[in-house]
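Look for subunit A in each of the two complexes below; its partner is subunit B in the first and subunit C in the second.
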Partner chain A sequence: MKLTLAIHEVSDAKLGSGTTLDGGVLTVDADELREAILEDRRIESVDIEVANPGQPCRIGVVFDILEPRAKEPGTGSDFPGLLGPMAMAGQGTTHVLRGTALTVVDAQQEPGIASKMMEMHGEAAVNSPYGNLHHVVVVPHMIPGTPRHVELNALRLASARATVFLGSAGVGQEADSTEEFELDGPSTNREDVPRIAYIGQIHGHQMVVEEDERILYGSNTEGMVPVTLHPNEWMDGAVVCSYWVMRVETYFYQNHPIIRELYRRHEVGEINFVGTVATVAASLEADRNRNCLLAAHQAKWNLNADGVVLTKYGGGAPHVDMGETARICEALGMKTVVQVSDSSGDRRAESAMLFNYPEVDAIVYGGGGDIAWDVEPVERVIAGSPAVAQALAQMTQIPAQALCGVTNQQGASVVRAVVY
Partner chain B sequence: MAQVTAVTPVAKMVGSNRVIQGKGIVYPLGDAELDAEEEKDLRRSIVRQALEALKTEV
Partner chain C sequence: MKVVHYLNQFFGGLGAEEQAGIGPEIRGEAVGPGRLLEQVLGDGSTVVKTIICGDNYAAENLESVMETVVNEVRDSGAELFVAGPCFVAGRYGVAAGALCAAVQAELGIPVVTGMGVENPGVDLYRQELYIVDSGENVAEMRDVLTKMAAIAKVTASGEDVGRPAEWGYIPRGIMKDEIVEESAAVRLANMIVAKTQGQPYETELTQTGFEPIPAPPAVTDLSNATVAIVTDGGLVPAGNPDNMPAIASTIWGSYDIATVDNLEGEDYEVYHRGYDNRHVLNDPDRLVPVDVLKELEKAGEVGKVYEQFLSMTGLANPLANSRRIGQEIAENLKSAGVDAVILTST
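Up next is the complex of A and B:
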């Protein structure tokens, strides 16, 4: 399976007449984008703005951040099962507007501990992997009285639609560069280097999914057992974030740092990247035992891995499931490395760990959960309501937990916790 | 002490010696799938188990 990314470097973004990509400048026609989003009749109106890096501006509450992308027509489906028809993601050519982000605001969400925001200038912005991107921000407003799960479904669909709409500006344009991702799969034979697999969680079921939630190829992952995915599927629209976006955004599925790094090491001949397993963390003990066991055994017997990289989705309970999966992997003779997030309120490494298996001793400790940045009030805020705008404008401190990307379970954090 | 939890690996990890399996993380002493009477039975059975555990020397 081969995926070609046609990379269009974008150095500036603005609103204007006609949606075009010209000389690295993305011009977004707000009326055209609005029309695309309003195809969904549940949405009554949409605010559209552009936020460029380095300019005092705050955005919130963030529903999700995505990279504007569109499939080259005839080579595949955009977000199959969610937006486009069901097809295998990860093949053909995908146009990428590198340097930009499509940021969707949830107008019904109040600012708070579970809410996320973006700061576009200053030290806080430097500490987010999204701080240097040109954000096209859309704020959909639903028809009053729309049930919450329907609103969320509409936000998810709007995020995919807007992403593809923007990405389409790259179709027909010559790319600045191309990136190719091709793996033959677990049958690849390289006897002298270790066979490495990735096991990634795509939801944690202590947050109950909606029936019409779309996570994996349009499914809500309820009742899901671990499934092997080609690495390209993660990066090309098979997976999007659940509504519980704790320390994950779809942008870093599209640019999955761990999958890209495993690819890079595969290409230089350091490892044999044999594939990935998508799994979910459980709410019920029986589901946890089943998922952890099956994920580990898929890596062992389907992918024949010697080593496994594991990540979690969300917070504490998924942390336990990841640790348990790693323990089983080790028992099956596979070496493991797990990524945990800094969630130690008292700044002690011990407090960040919910498992302590002597054999699971390769632990990457990323992010910066309990740091905060002092900020000045700003005049420009892109928010879903005047009340949220006012609250964000007046902030004098931004806690890391509230800022998108500071702690990122997909491996994208630019901040790292260090024990000293 | 007896600990009712849906995440027993953590309870074992921190050294709890009377661990009672709760139903789910979102409802350790309940079950949204059950009707009210059945849920009450479930809750009673978990609490009884916890009380039995408390009576047991470890």
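Up next is the complex of A and C:
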């Protein structure tokens, strides 16, 4: 299976008349984009702005960040099962507006420590992987009285629509470069290099799963058992974030750092990247045991892996599912490495782990608990309500965990906690 | 720098095990390894006092030895307190750790010691102290003292000591954030390639070893036992009278169920951000099973259901806090005559 990304490098973005990509400059016609989003009649109005790197501007509360992309017509479906018709993601050609982001603001969220924001200038921005992108920011406002889960569903659809709308500016344009992702999967035979698989959680059921929540090919993951996915499917619209997010954005499914890194090592002949498994962290014990077992079994019996990289979703409890899956992998003879996010409230190593298996002894440990950047008040804020705008404008410090991307759980983070 | 040095009877030159019962003796100069310590510290550093004490004496009279040592260090005007190194001598390590901790707490001057990782003093004091990893080979004395001197000097200057592997001390378990060159994805890939190929790899976190907690003996006669329910699922009466926080509570609450046979959702709330608590809000008995226990009480299978249930919020709770809360709850229930506890978690 082969995915070709047609990369259009974008060096500037602005609002203007007609949506075009010309000489690396993305011009967004706010009326056209608004019309596309307002196809969803649950949305009453949309604010649309552009935030460029280096300009004093703060954005919040962020619902999701995506990379503007669109399929080359005739080669596949955009966000199949969510926006476009059901089809296999991960093949054909996808146009990518590299250097840009579509950032969707959730107007109903209150600012708080767990909320997500963007800072577009200064040291904080430099430390976010989203800080150097040109952000097209959309703030949908719902018809009053819309139930919360319906609002969230509308935000999810709006994010997909707007992403494809912007990405379409690249269709028909000559790409600056192309990236090709091609893997034959578990049937690939290579002597003397390890067969490596990735098991990634795409949701944590510690939080409520809404019936209309679209995550994997449009399914809400309720009752889901682990499934084998081709690595390209993650990167081409099969998977998006859940409504409740913690340190994940759809942008880093589209540009999955772990999948890209395993691809790179496959291409240089260092490993045999045999595939991926998507799973969910459970809420009930029976579901947990079943999912952990089946995820490990797929890595073993479908992919015949020698080694597995595991990541978790959400907060504390999903660590347990990841640890248990890794334990079963080790028991099946596969080596494991896990990524743990910081949950040591007292910054003590003894409080850092939610599982304790001697064989799960290769741990990448994320940090973020004691980094914060001092910031000046800003005049320009893109927010969903006056209360949030005021709170953001007056911030004097941004904790690492509040800034999108800094403590990312999909492999993008460069913050680690070191044990002293 | 004025230094006070603590040694056991062996390194202090008083004798081997037969002298382990000897009480503290004070010398006004460096003794044994202390002379080497002066050399490696350099800069005109002087051991102004050496305190020598037998291992058994120190183990059996730790409080009084601590008092003696703190007083001697204070009186000498020392700017540094060094104990050992103790290698894998267990009683020596435990005493050295206790003395360093006491001097650090009472006088606030830099302290340093050295032990092998198997020394029982390590687990007791690693979080509080810089303990240089001495290994078990006494022939490494100069190398170990050199590392101890380096840590002593940098601590005395008020600067931060670097990473454990670079400075040779046993990790204290304190997490500090760093911004690094390689993304987590690259570090994950590096580690899985190394691990699958049998090459060395360095985990970013070593799991803390915990003492296994033996299962208590079974309750032999439940029909005469008082049974309590304790939960970390954050269930509190409506209105949250104790202001239970929704994450990492430092308090626990005790709530009356003496006259209740069945918990009703409208009477309770959940303060816990870590789990899908719809089922509990719908029927709190599914977290705190009062309904079933009261039935068993009526049927005579359970002697008595304790008249309170105890609740706290476990989410992301630091271990030190959990330990304290656990001890408080256990003492509370023990003194109330509770024989058995059902713990429910989420």
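Here, the second predicted complex is superposed on the first by the 416 of 420 C-alpha atoms of A that agree within 3 Å, B and C clash if a C-alpha of one lies under 4 Å from a C-alpha of the other, contacts with A are read in each partner's own complex, and residues count from 1 in each chain.
What we mean here is this: a contact is a pair of C-beta atoms (placed from the backbone, for glycine too) under 8 Å apart; a residue touches a chain by one contact, two chains touch by 3 or more.
Everything numeric in this text was worked out from a predicted model, so none of it was measured.
Superposition note: with subunit A as the common reference, subunit B and subunit C are in steric clash. In the superposed model, A:Glu324 makes contact with subunit B only, not with subunit C. Contacts of A:Glu191 after superposition: neither subunit B nor subunit C is touched.
Of the two partner chains placed by superposition, subunit B and subunit C are both touched by A:Gln206. Within the superposed three-chain model, A:Glu174 lies out of touch with both subunit B and subunit C [touch as defined at top].
For subunit A, the partner touching the most residues, choosing from subunit B and subunit C, is C.
After overlaying the two complexes on the shared chain, residue contacts for A:Glu379 are found with neither subunit B nor subunit C.
In the overlay built on the shared chain, the residue A:Glu285 is in contact with subunit B alone; subunit C does not reach it. Mapped onto the common chain A, subunit C and subunit B collide along 274-282, the only clashing stretch among 22-30, 166-174, 274-282 or 310-318.
Overlap of the subunit B and subunit C interfaces on subunit A: residues 205-206, 208, 283, 317, 356. Interface of subunit A with subunit B (complex): residues 205-206, 208, 283-285, 288, 317, 320, 323-324, 354-356. The touching residues of subunit C, when paired with subunit A in their complex, are 127, 161, 163-164, 171-189, 191-193, 195-197, 201, 203-208, 210, 248, 273-276, 278, 315-321.
Taken together, the subunit B residues at the contact with subunit A in this complex read 6-10, 13, 21, 23-26. By the touch rule above, subunit A contacts subunit C in their complex via residues 127, 194, 196, 205-208, 257-258, 260-262, 265, 270-271, 283, 306-309, 315-317, 335-337, 339-340, 342-353, 356-358, 360-371, 400, 408, 410-420.
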